[in-house]
Amino acid sequence: MYEANVKLNLASDYMRGAHVNIIRRMAETNMMETAGYGLDPVCESAKERIRKACGCPGARVEFLVGGTQTNAVMTDAFLRSYEGVIAAETGHISVHEAGAIESDGHKVLALPHDLGKISPDAVHCYIEDYYNDGNHDHMVRPGMVYISHPTEYGTLYSLEELKAFRKVCDEYRIPLYVDGARLAYALACPENDVTLADLAKYCDAFYIGGTKCGTLLGEAVVVPDPDRLPHLFTIIKQHGALLAKGRLLGIQFDELFKNDLYMRIGEPAITAANRIREVLRDKGYELYFESPTNQIFCIMENRKLDKFSEKVEYSFWEKYDNDHTVIRLATDWATEPEKADRLIEIL
Amino acid sequence: MYEANVKLNLASDYMRGAHVNIIRRMAETNMMETAGYGLDPVCESAKERIRKACGCPGARVEFLVGGTQTNAVMTDAFLRSYEGVIAAETGHISVHEAGAIESDGHKVLALPHDLGKISPDAVHCYIEDYYNDGNHDHMVRPGMVYISHPTEYGTLYSLEELKAFRKVCDEYRIPLYVDGARLAYALACPENDVTLADLAKYCDAFYIGGTKCGTLLGEAVVVPDPDRLPHLFTIIKQHGALLAKGRLLGIQFDELFKNDLYMRIGEPAITAANRIREVLRDKGYELYFESPTNQIFCIMENRKLDKFSEKVEYSFWEKYDNDHTVIRLATDWATEPEKADRLIEIL
Amino acid sequence: MYEANVKLNLASDYMRGAHVNIIRRMAETNMMETAGYGLDPVCESAKERIRKACGCPGARVEFLVGGTQTNAVMTDAFLRSYEGVIAAETGHISVHEAGAIESDGHKVLALPHDLGKISPDAVHCYIEDYYNDGNHDHMVRPGMVYISHPTEYGTLYSLEELKAFRKVCDEYRIPLYVDGARLAYALACPENDVTLADLAKYCDAFYIGGTKCGTLLGEAVVVPDPDRLPHLFTIIKQHGALLAKGRLLGIQFDELFKNDLYMRIGEPAITAANRIREVLRDKGYELYFESPTNQIFCIMENRKLDKFSEKVEYSFWEKYDNDHTVIRLATDWATEPEKADRLIEIL
Amino acid sequence: MYEANVKLNLASDYMRGAHVNIIRRMAETNMMETAGYGLDPVCESAKERIRKACGCPGARVEFLVGGTQTNAVMTDAFLRSYEGVIAAETGHISVHEAGAIESDGHKVLALPHDLGKISPDAVHCYIEDYYNDGNHDHMVRPGMVYISHPTEYGTLYSLEELKAFRKVCDEYRIPLYVDGARLAYALACPENDVTLADLAKYCDAFYIGGTKCGTLLGEAVVVPDPDRLPHLFTIIKQHGALLAKGRLLGIQFDELFKNDLYMRIGEPAITAANRIREVLRDKGYELYFESPTNQIFCIMENRKLDKFSEKVEYSFWEKYDNDHTVIRLATDWATEPEKADRLIEIL
């Protein structure tokens, strides 16, 4: 599978197909005849497994195709037309979704970030300032809080922070939504103390990432209290986010949640990422910042980068100064230990 | 694969997985590492095959996930904010997309249909009336024509009609867009005289249906003149319609367009549907109307329907009168000849 | 004021300025200094008068600038993103608002009309059909009923019909909204049995037309139960419908509701319209249909129309047949009795 | 008119009615009968005067009701669905329009400000960064530049800056739009070197503020090259921004542009504001920053503010520190010289 003459690919966490169990199950069930739109027994089984994993037997679970889509659907589902969503200025919805939130009519109320995170205090202050402003009814009403876990910077929120967000949201009676595009990498991380059950307990909705965590495609939205969003199906359909052969998503999440696979699937990524961070430090490279999950942010001298890029696929993160660049390396659920070894050789 | 003790399933054309070639290719290439968002060599190969099949080497081809999504993206791409799209009142965008077009701000300008079709003349009259109305600048501007081929009723447009639509659209300088969700069933139909090359020649955009025609998911949009829509990628992303692991779509269309498979993949559906229509007529059932593709519309006595529904999965189409119901039976690319045989037994 | 050498102008009911009391009050109060955005004592006085006239002391009253704007604001205020509004296919929101409702993301669910009216039964059937459709969650949810009183055709709903709409809306728990752009002409009509108090009792919101009924501009929205729409101010602002110098609207409605002026202001229009209808019938012209308010719809031979149009400004309504045209003549609150006399001479 | 026992009102520049010429003309023409929707001779006359004042005989001029509305209409007119508008983070569209721009689907791309201004260089950098970003097609495309003159902070752009914006916009082929809500106060200011002709020469569109500059309501949009926006009328209508009795706007701008009144109408505001700034400095108050137009920003000790607010109506601007507050005082076209005198007494 692994060829020495190709570049070492650490560009992203969506380069490969799906976990082998998924591929096998898809082949086996290919000629089954089931109802469409997720109304099939495989989807039901997958939903039931997810409810169990979240300790939330009454939750509504829906399978959507991708992350941008899921964020747009859920933001639109929770917000009224005059409301906006609070998010880190680095949040995926703030920058890299091509204005999907705005295209549904909602402003992203961007707060300054600290390594991709916003604090419950900052959210509290923002909303307080809004209500204290004499002209607040001329302004977009903050109607929802969006955080991602892990964040775009690979950092993690603590359970204490999650609880604090819940408290702020309760105070202003607005929903808390967690984007879990890379959730498996949080769950596989010793530093993480937020469980699926915690998310189900403290969020109004969150999604369990599939695309970056072992599926071909698909994200599983969990709404602990289904009465919050009675017409979610229609909202999904209106966004063009309803998969006709919904079974395809059911199969994948059914496999991911068999035998708690999802809890472990991120482990190879974390192991490899930690190894790479170690190697980089040993070799005298400076990490741009520390983050415990599957993304590594490293400051590279530009003159070394040319040569490096002949051998390694990476992502440009940002310019550091005139002579240095911040690059991102990403591992994933399928990253072989040899990748780290090979990186050592290259460095 | 086929079990006698389960109901005969003719409920829809999206009940099964994908063509075996697709499943095999997916398994074989699963651990390949490629760039995301459709920027991989498999997608490029698939696009090239489609360009060739359409006789349109300069066309832009994009892969989207589903039909509602594709229609919303393309309508939004072509229309300005004050424009609407002309469609049959029975068109998929008019009824069964949960207002996806309107959610992007565009009105569906619905015209009366004749077995799912609208005529170029009717479109011409509608636009003429619009321009002749003294208040037309208080009205939604007709900015695009949407037809589906085959239609929701399984009927077909002729090449002459397609050319006539082109003429109307040229006269008013508005784009013509064809929804080809079930295009393979038109192409497999002797009655059809519209080729892929014709679509590329006479439309501003059309999509080649995958979901209902042999893929797990995916539709291939073809834009013969790419300069018409320079920022289509961003529009797709904004609609949450950009698949991260775009390769998944590339694989499927690459297989469908190898050795002209797509031209033939609908044949079993047409053969089975024709057989079923013949059987129904022989048994004295009245077809609601004639349509040559993979959907069969039959008038059933309600008292017979109860028993029928114990043995066959079908779709309710509409109430005919107090004693009769119109039902829809659908075949697909994977329909075994035995299905028709079994229906004979049941009837 | 009235010159014999100019054309007799019966083109519309928005050709003149405002009632003399309004012009006088505007001049007198011009240099007053008050808070903006309708938060001034004049607006408060006007609101209080309207609440009294509606027998609804707890109602929220807001002043907006125009009718299209008001309909868009209120539709957006009541509907969720996946809901549409039921209206007559001839309703102002269906045709002549340039897609304002759709631009906010909502589909107008158009029902066939009978002289501009829809029936409570037809609405009931539509909603029942929606819920009985197996695919209804793929369709736009009917979320509100819109009627106008008088309608676009100048016809009136009866109190019984209004109550029946209320019953349907209660059954499905959706709001009933009445567009009263020409409400003064209903109130001045002996055939009308719907009072302001009835509207306040049976509607979730309605607006009292100003622009066509004696003001320079402005419509007064009444929301009998303000808790229904807690953030209406922000919704108005978001739609660009909040007038900075809101006092201008307050002055006008304060004058219209002093001494019940609004109840009588339409009388000259009705008197003149009835006289014109009588004259037309006497002269052998055929009315297209009977309607009791300030609009007259008459079938004219095309060969007579050329000459007629040299002397009279009218509106084209629609083509009747190859030799005849339906024209609309409109009277208003300021129509002098001499206009009818002069029309007699011309005919 | 001026009473000693009422508070000195410096709260805003939209507290009074209209210039006396306007009130007189409205009374005189009240019973005229004209066509609606701005298609009357008074509007035509006003448009012609504006074209002359701008030295732009081919310009399209449209009258809209208010500023938020005008900004929303023009942004929507220029942008495609996937584009956003660059503006200062303090711009009116960024903060105080309740998300009107986003409700049309467009993101406001907010740049840091310097006393309400953004620089052409900063805009250039922003767009360059966008195009240099490898993921820029996942991001909102910058499709327009919005500046206000004067800004929200009362500051002015120079002609050099305006030309530099034009250059940036030309480089990227995007429109430049100027919000002139308070334009009369720039034109009356000796520090200002941007004329109406300059705006017509260097902008793709701008609006001449009426509401804050002497009218009851109304803003005049100028589009120097009308071919840029062929369907502007329908866009205005769709936004609910088309006034039925459009003559009301025509009258006001016809009066404002008779004998160059608009060029001088802001003078009393500037005189009074300069006097107030002088007085404040003399009395030892610190101005928060210098701005040459009709708004004065002053730092006040909180303990003094209580007493001050018993005698003066002002606007809260922002908290300065725990003991101080920034307040805003505004003058307008109708501000009497005595207001400054009275402020001296109070201070």
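The chains carry the letters A, B, C and D, assigned in the order they are written, with residues numbered from 1 in each.
Here, a residue touches a chain if its C-beta (ideal position, glycine included) is under 8 Å from a C-beta of that chain, and two chains touch if they have at least 3 such contacts.
Keep in mind that this is a model prediction, so the values were computed, not measured.
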(Q) Going by the touch criterion stated earlier, list every chain that contacts subunit C and also contacts subunit D. (A) A, B
Q) Which chain pair shares more contacting C-beta pairs: B-D, or A-D? A) A-D
**Q.** Gap in Å, rounded to a whole number, between the CA centres of subunit D and subunit A
**A.** 42
Q: Please compute the C-alpha centroid of subunit A, do the same for subunit B, then give the distance between them in whole Å.
A: 33
(Q) Counting only Cα atoms for the centres, state how far subunit B is from subunit D in Å. (A) 50
(Q) I need the residues of subunit D touching at least two other chains; which ones are they? (A) 81-82, 97-99, 103-105, 137-140, 234-235, 237-238, 242
(Q) If we count contacts the way the header does, which residues on subunit B are in touch with subunit A in the complex? (A) 1, 9, 11-12, 14-18, 20, 23, 26-27, 29-36, 65-73, 97-100, 103-104, 211-212, 216-217, 234-235, 237-245, 247-248, 334
Q) Where on subunit A is subunit D touching in the complex? A) 81-82, 84, 95-99, 102-108, 134-135, 137-140, 315-316
(Q) Residue numbers of subunit D touching subunit B in their complex, please. (A) 76, 80-82, 104-105, 137-141, 231, 233-235, 237-238, 242
